[in-house]
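Order of writing sets the labels: A, B, C, D and E. Residues in every chain begin at 1.
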Amino acid sequence: MGRYVVRRLLVALLTLFLALFVIHYATSLSIQAGGDPARAFFSADRTPTESQLDAVRTKYGLDNPCLRQLGNPCVDMYVERVANYSTGDFGENYNQQPVLDDLAQAVPNTLRLFAFMFATWLIFGLTFGMIAAWRRGRPTDYGIRFSTILLGAIPPFLLIITYKFVLAAPLRSYFGDAYGRDSMLALMFKPSFDPDNPWLSVAIPGILVGLVGVDAFTRLTRASVLENLRADYVRTAKAKGLRTGRMMIVHVLRNSMIPISTMIGVYLAAALAGAVFTEGIMNIRGLGLLIFEASREKDIPVIMATVAIAAIGVLVVNLIVDLMYAVFDPRIRYE
Amino acid sequence: ACGGGGGESASGDMKFGLGAEPPSLIPPNTTESEGSIILSLTYAGLFDYNEKAEAENLLAKSIETKDNKTWTIEIEDGHKFHNGEPVDAEAFKRAWDWGAYAPNAATGSYFFDRIKGFADMQGKKPKAKELAGLKADGQTLTIELDKPWAGFSTMLGYTAFLPMAEECVKDTKACNDKPIGNGPMKFDGKWKHKESISLVKNDKYKGPNKVKYDKADFTIYDGDANCWADFESEDIDICSPPVEKWEGAKNDPDLKERLISEPSTSLTYLGMPVYDKAFQDKKLRQAFSLAIDREKVIDIATPGRAVPATEFAPPSLPGGVEGACEFCKFDAKEAKKLFEESSWPKGKKMEIWYNADPTNKAIFEAVGNQLKKNLGVEFELVVKDWDPFLAATDKHKAKGPFRMGWLPDYPLNENYLKPIYGNGAANNRFGYEGKDFNKKLAEADAAKTLEEGMEIYAEAEKILAEEMIGIPLSWAKSSSFYSENIDPKSVKYFPVGQIQYDKLAPA
Amino acid sequence: MNEPTTVAAGTAAAGETVLEVDNLVKHFPIRAGVVFKKKIGAVKAVDGVSLSLRKGETLGVVGESGCGKSTLAKLLVGLERPTSGGIRVKGEDITRLGRKGLHRLRRNVQMVFQDPYTSLNPRMTVGDIIGEPFVIHPDVVPKSGRRKAIQDLLDVVGLNPDHINRYPHQFSGGQRQRIGIARALALKPEILLCDEPVSALDVSIQGQVINLLEELQDELGLSYIFIAHDLSVVRHIADRVAVMYLGSVAELGTEDEIYESPMHPYTQALLSAVPVPDPKAREHKAEIILEGDVPSPANPPSGCRFRTRCFKARQEWAKTATPEQKDSTSYADQVPDNCRDEQPLLQIRPGADHPNACHYAAPRDVLHAA
Amino acid sequence: MSEAAAQQEAQESMALSAPASGMWRDAFRSLRRRPDAVISAVWILVVILMAVAPWIFTSKDYLACDGDNSKIKPQWFGGEFFLGTNNQGCDYFAMTIAGARPSIFLSFMVILITVTVGFILGGLAGYYGGWIDAIVSRVVEVWMVIPFFLGAVLLLTLFQDFKLGGGQILAVIPPTLALAFFGWTTDTRLVRASVLQAKQFDYVQAARSLGASDRRMLFRHILPNAIAPVLSGLPIAVGAYITTEAALSVLGLGVRPPATSWGTLIAEGAPWVQGGYPHLLIIPGTVLLLTILAFALLGDALRDALDPKLR
Amino acid sequence: MTTVEIAKKDVLAGLDPSAPLLRVKNLQVEFNTREGKAKAVNGVNFTLEEGQTLAIVGESGSGKSVTSQAIMGILDIPPARIADGEVLFRGVDLLKLKAKEMRPVRANHIAMVFQDALSALNPVWTVGFQLGELFRIHRGMSRSDARKRAIELLDLVKIPAAKQRVDEYPHQFSGGMRQRVMIAMALALDPEILIADEPTTALDVTVQAQIMRLLAEIQAERQMGLILITHDLGVVADVADDVTVMYAGRAVEQATIHEIFEKPAHPYTKALLKSIPRLDVKGQRLEVIAGLPPVLTNIPPGCSFAPRCGYAQDVCRTDDPELLQFTGERFAACHFSSEVMNDE
């Protein structure tokens, strides 16, 4: 098991390096094809002199000649960057702040958002899915199915935009008047992120985006539970004279968790997608907003570091998911 | 009452929003508005601009010149940086040297390019580390320019010319995170990047523009109008509404009392690519300009946030003449006539370029629609991100009229003419080489006094108004609503379109 | 002990030898590893099998699940490459054939699969399925004659030639198996490998397929290798029988020899375990009940593979063991030394004319025991 | 063949001659019986028609906008502007119709590309195994750790300069490519898994024992197995891609002007909700919602129809 | 070994000790399918007494499993529906019991062993947990007591090293051992009736023999009634006392084991016996039952077997013969039973 984890981690590291190289190559290509971002440092419609541009290029490491040769993968830059990463040096962003600070700020916020999203998925998805499977073919099933599909069809950003622009301020005012502006409820409905109350102010957006994903989660749970309800061992459980409740929880749920947990890695990636605009709209300083702004500014150190963190996240979650299988399914053993 | 509600020092706390994270808070490296707002509170410079955009002494006791080439400035004594260092001539000299020194890559370095010795500080390995034309002696700062220039003093109110403490120059990084200013406010803790900036009143400040509140918290947003939801929930004290909310806010009986709205000197115009044969016909350009109903465009795209531009330099600035551009009025008939006379091939599609931004899209879609409606020109919008857009226009790669804007570096009509349309000017992206125009400019440059020069510049503007190399569209108008926490009388605008945060007073 | 004699025993069928298998071995590597898969062991699915098949003869192969029957069949039709050993079809060694050679081989050796439900592509019509061999080997039947050839084949296997456009799911299990047989016959092979062709069928339908196979053999002179775990079916159809245990042949002989005088204790146990559909047989059948299951082919026992379950070995051991030994020795070790150390070869041993692989082979009539 | 046998055979097939149809006909028949599937299919057809032949729905040009008609609320049948206008004065009905083309084109194209790539790479990797599989699996793994949407955003911003033209189709190609660039992994994995599974099927072994060529094995026997699982996921994917394009438009990375898509309409219409012109969001939002819903419902129904266990 | 006392509660009221152990009367089960109602069980009658082994044979799809599941009350309703009939356990009609009353009957009075032990055991719980669950649910035992009982049971079914293996998972057991675990589970609460639905079909003959012997031993010891469902006539011949033959959802013949094999009274039984190859007899041509069983959604009038029957006359195509007693304990559903019996 320990050796398995170590070996998996080594592979993950390789995957990470390759993924980073893909991103590195994409950013290099974009500079080679579309010009470097030095020009954009000079705000207003003012043309800087070549000397000024050069100074900026030197300062931000954009003076490497390979960035002028279309198609050159700039391996030396890549190697240097990865070497720096291994010493914990993530470089500086184009505002000369340590990228590490950006990450230290963004990661917890995104994780908070995810916590609410995942909780929503799990709580609603599992409950709805199990009920729908158990009541399969009856009105309850159709009701759950239709309402989750409907919910899933709402583009999540639509929900967030509507919430922020239409609902948040009145709700905040309402609860503020009722319980005081610093009451939990009032703070929860702050229209944009509040660094002083990070958990409260991401709760609603997290739940909203989570609700949209409940659709797929319910579907998955339902299918998985249905599959297990048909299984022979459920018949055995019935023949043993077990109560329905015990049967569902002991003999169906745990078995159903196996396929459900497989999907968690996939969901994580989807969640990151949700993070980009949720964070953008709600002004949450998380990974999504960070990478979005960074790619706008071609802030390569930030782009690379953010992708690295996101990739590490995905890899770690996948590893955890794999290990979780073994918990849910004793047939799986890792050597 | 206070917006924060829960804070213990109820009165005197302000909550502001910044539309973006300032890239830097080192004065010579700060050229955009968000950084300037913070610097305007934390620093005090030699001059400040009054409502008429005239430079007034702030820390400067006097400024003198004989030949418009060598300028001597006496600095008031007794001012201190937040860390206790004195604000002397040396403080200015070291800041400007830092800004001009190319390897520091300060974005405001171009402000110093008229000072003698600037050229030696450029390049990868500059010959000099200090500006040869700068001399600091106690409280006396002597500046020698490359060439005489009457307008020099008008620039000095700008952020780039603020002083810097020695400690700040030694460790600019630390100074960026917690600026060591000399202004009415100072940092309360460090700059929380991309989150917030908290300022507290600097009780030791001796300048005239002391602030009337104790604390200012700036929430950093991602986007100008993003503060609006928070303004509505009373978490922010001043905010400009997004376009979509303008109509509602303006008509809100509660809110409309608390609106401040004033035009600024920020120009949006349509650059004509006269390097392209298709656009070399003057009549065509005039027709375009006449065909645009500027009021309508503003109504659609930027209601309450702009006024039609009918001149090249703003009338509010020295030298500006209202309505100097006669082709800038809306006259569809005349436009059509001129257009028909012009060389534009029938049915040719025109590209209109702009840099990615929702507001720009609305503006140029509306402009295109006007042209289509009034002249029958088919158009296509070409949108680019900031740097590819600049790269393309710099290199004359735009295949159609393109969006341009201009914020003045100093309040003078010249600043809207020479740096944009002058022969070989860095911002002349049109391929325009106007002999008469340049002659006029040279003449004005050589004028004895500023006033004299201004008039000749205005004549040059007339030439432009005939050529229509750029088609002025609108002057930005700053319109903000403020909360009940703010004394309405204290809300004032800089002519450049910024709230004067230092003047605000709690209600 | 006797001199080892050659394996090619059996007297039933005459004719030339069409297929010869010589010491055939197939090991499936067990790999593990995340980045680089290392071989950490091998499943010895087939481990030294020698057989021969004559023209017009049916060789039955029986054995318990996992003993390597299917692997053997796949090796013989070239679906798997042997680890070592030789397979000669009409004198030609096919283990070293290239693509072309294999292609040619397919014409001579064909296979009928176990499960008629999964061995037919549900998306193809019967005509397509049976006609597929002709598409793959276009020179067998000219394009124009294919439809006719397919219909002839349908007729041969007793299906309505008009059903050429139907899909497999429209047929019953027995009919599907006929389709599978028709497909195998399309190339007019001489050797047909049947891997449990009736195991998936109901008893009442089994007969149809077995009868068909017998008829076809008579008409076309086919040679069969008939794999089954049902000893009754094998007795019914086979001329000779090979009993397999854990990848190797335990006993090989004519149907009479194997059923009437089995030599190997495994064969005996196997036969005695088969329930006879006759309540009267209850009384006179010998009951030999084996302990435990077949060991894993990835880790077969040393010496005689059957020793872990062998009653005979235990009897032999008990003859010499002291009472203390009997108490202290675990069940698995209650075997004579030679069973543990020495793998018995498949050879003719005293007491019978057919080869077996047991150190203590002795004939015993389990079916008619009193 | 004996007469008795023939007779018996005839009997047997009588008993079996139930529905003489294949998997598709079966699926189709069961779909036809579900009202939700039928309604969804009709709506999808309407939407496809909007994309292919917008002129059937309106004669107005969505690009002919007059600032004088700015922000008219829906007039229904009472005026010139059925669904009103936006702030540029463009006919909103025409815009909504026009928005269908990029949205539909994008999602269909992305699916076409990802499925094609998925079948090729997944098929090759699953069928041949060995180093092809090693490479494909590794690349898939690498791609999987770059979150799909993040990757697309990155690509689109980095390569904004890449532009083909302003038409309703050309304008949507960059986001299409970006989404396809990161979207192919799912299909590839799905196909690969199906192929690996199918390789074990007896009928595949049977074809191999007949000496079938690799191509024949793949195309006749193996890949068709991957069709059902891939296909039943497509309607939901269509919905997801339409949403994704809309999300990209919110970020300003979707189709480029003057082309418009539902996503663009929503992104631009959303802030107007509270500004007093909710129709600017509600109309495209409803159309998008209905379309996604239709695809999702149809996908559900299709999956049920293709799954014999659920019949 | 310590034996934990189990107090067997009388879980069912109204039992009549003198009534037959189990009597199934005219059981009919339908399934709702797309093609319509499928009459999977269409009139099944039999009686089971203590210590008796009743074999139910019939080809695939003849309704054997559905019958057994109907007795256990574990059919999925819907799609299944019990259209008619009674299942009398010591005189109590189990079909009339409420779900709550029926639950304790399972495992306590009637237990079941399924065909495929691998899928019938839950792969994610240890064998010990699944065995112990019965005691914990029905007897309210503590976890550790239940585990002790589980070990005893594993010993009972002769699983070596039961103490260690009790904490292993089903996949760690071989096929034969899993089936032993299933049997142990069925025996746990000492039921009066054991239903074994094809308990050995998935196993090799050598293992099958082990399992069948185990079952026979236990049954003899406990005097349970055993219903053995199988399609293997060999197994039937080996262990059964009586046989019920099912065809297309109906019991078509019922007799003692010797009678059935010597003189079958139904043409289907007869054909079935002739169609199996025998181990002890050298091969002759096998007889074949032509045709197929009817489609259950569309059973033609008359005798379901008529289309495949050599004895069929016009009457068979119109009148459905009932399962009639004609000599002693023999029942057959055929218009021509005597002819069939006397024919050779």
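Assume a contact is a pair of C-beta atoms (placed from the backbone, for glycine too) under 8 Å apart; a residue touches a chain by one contact, two chains touch by 3 or more.
What you see is a predicted model, and the numbers here were worked out from it, not measured in a lab.
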Partner chains shared by chain D and chain E (touch criterion as defined above): A, C
Of A-E and A-D, pair with higher C-beta contact tally: A-D
Centre distance in Å when chain A and chain B are each reduced to the mean of their C-alpha atoms: 39
Whole-Å gap between the CA centroids of chain B and chain D: 48
Centre distance in Å when chain C and chain E are each reduced to the mean of their C-alpha atoms: 32
Distance between chain centroids, defined by C-alpha means - chain B, chain E (Å): 91
Per-residue overlap in chain E, given as positions that touch at least 2 other chains: 292
Residues of chain B engaged with two or more neighbouring chains: 385, 388
Chain D, residues touching no fewer than two other chains: 5, 12, 16, 18, 157, 160-161, 271, 274
Of chain E, residues touching chain A in the complex: 69, 72, 74, 78, 103-108, 111-112, 114, 116, 119-126, 133-134, 137-138, 169, 171, 182, 185
Complex interface listing, chain C residues touching chain E: 64-65, 172, 202-208, 210-211, 214, 229, 231-233, 235-237, 255-256, 259, 269-282, 287, 289-294, 309, 367-368
Contact set on chain B toward chain A in their complex: 4-6, 21, 23-24, 31-32, 102-105, 107, 109-110, 122-124, 173, 176, 192-196, 219, 221-222, 226, 229-230, 232-235, 385-388, 390-391, 394, 404-407, 419, 426-427, 429
Partner chain B, residues of chain D touching it in the complex: 64-68, 70, 87-89, 157, 160-161, 163, 166, 252, 256-258, 268, 271-272, 274-277
Residue ranges of chain D touching chain A (in the complex, touch as defined): 138, 141-150, 153-155, 157-162, 239, 243-244, 246-247, 250-251, 266, 270-271, 273-274, 281, 285, 288-289, 292-293, 296-297, 300, 309
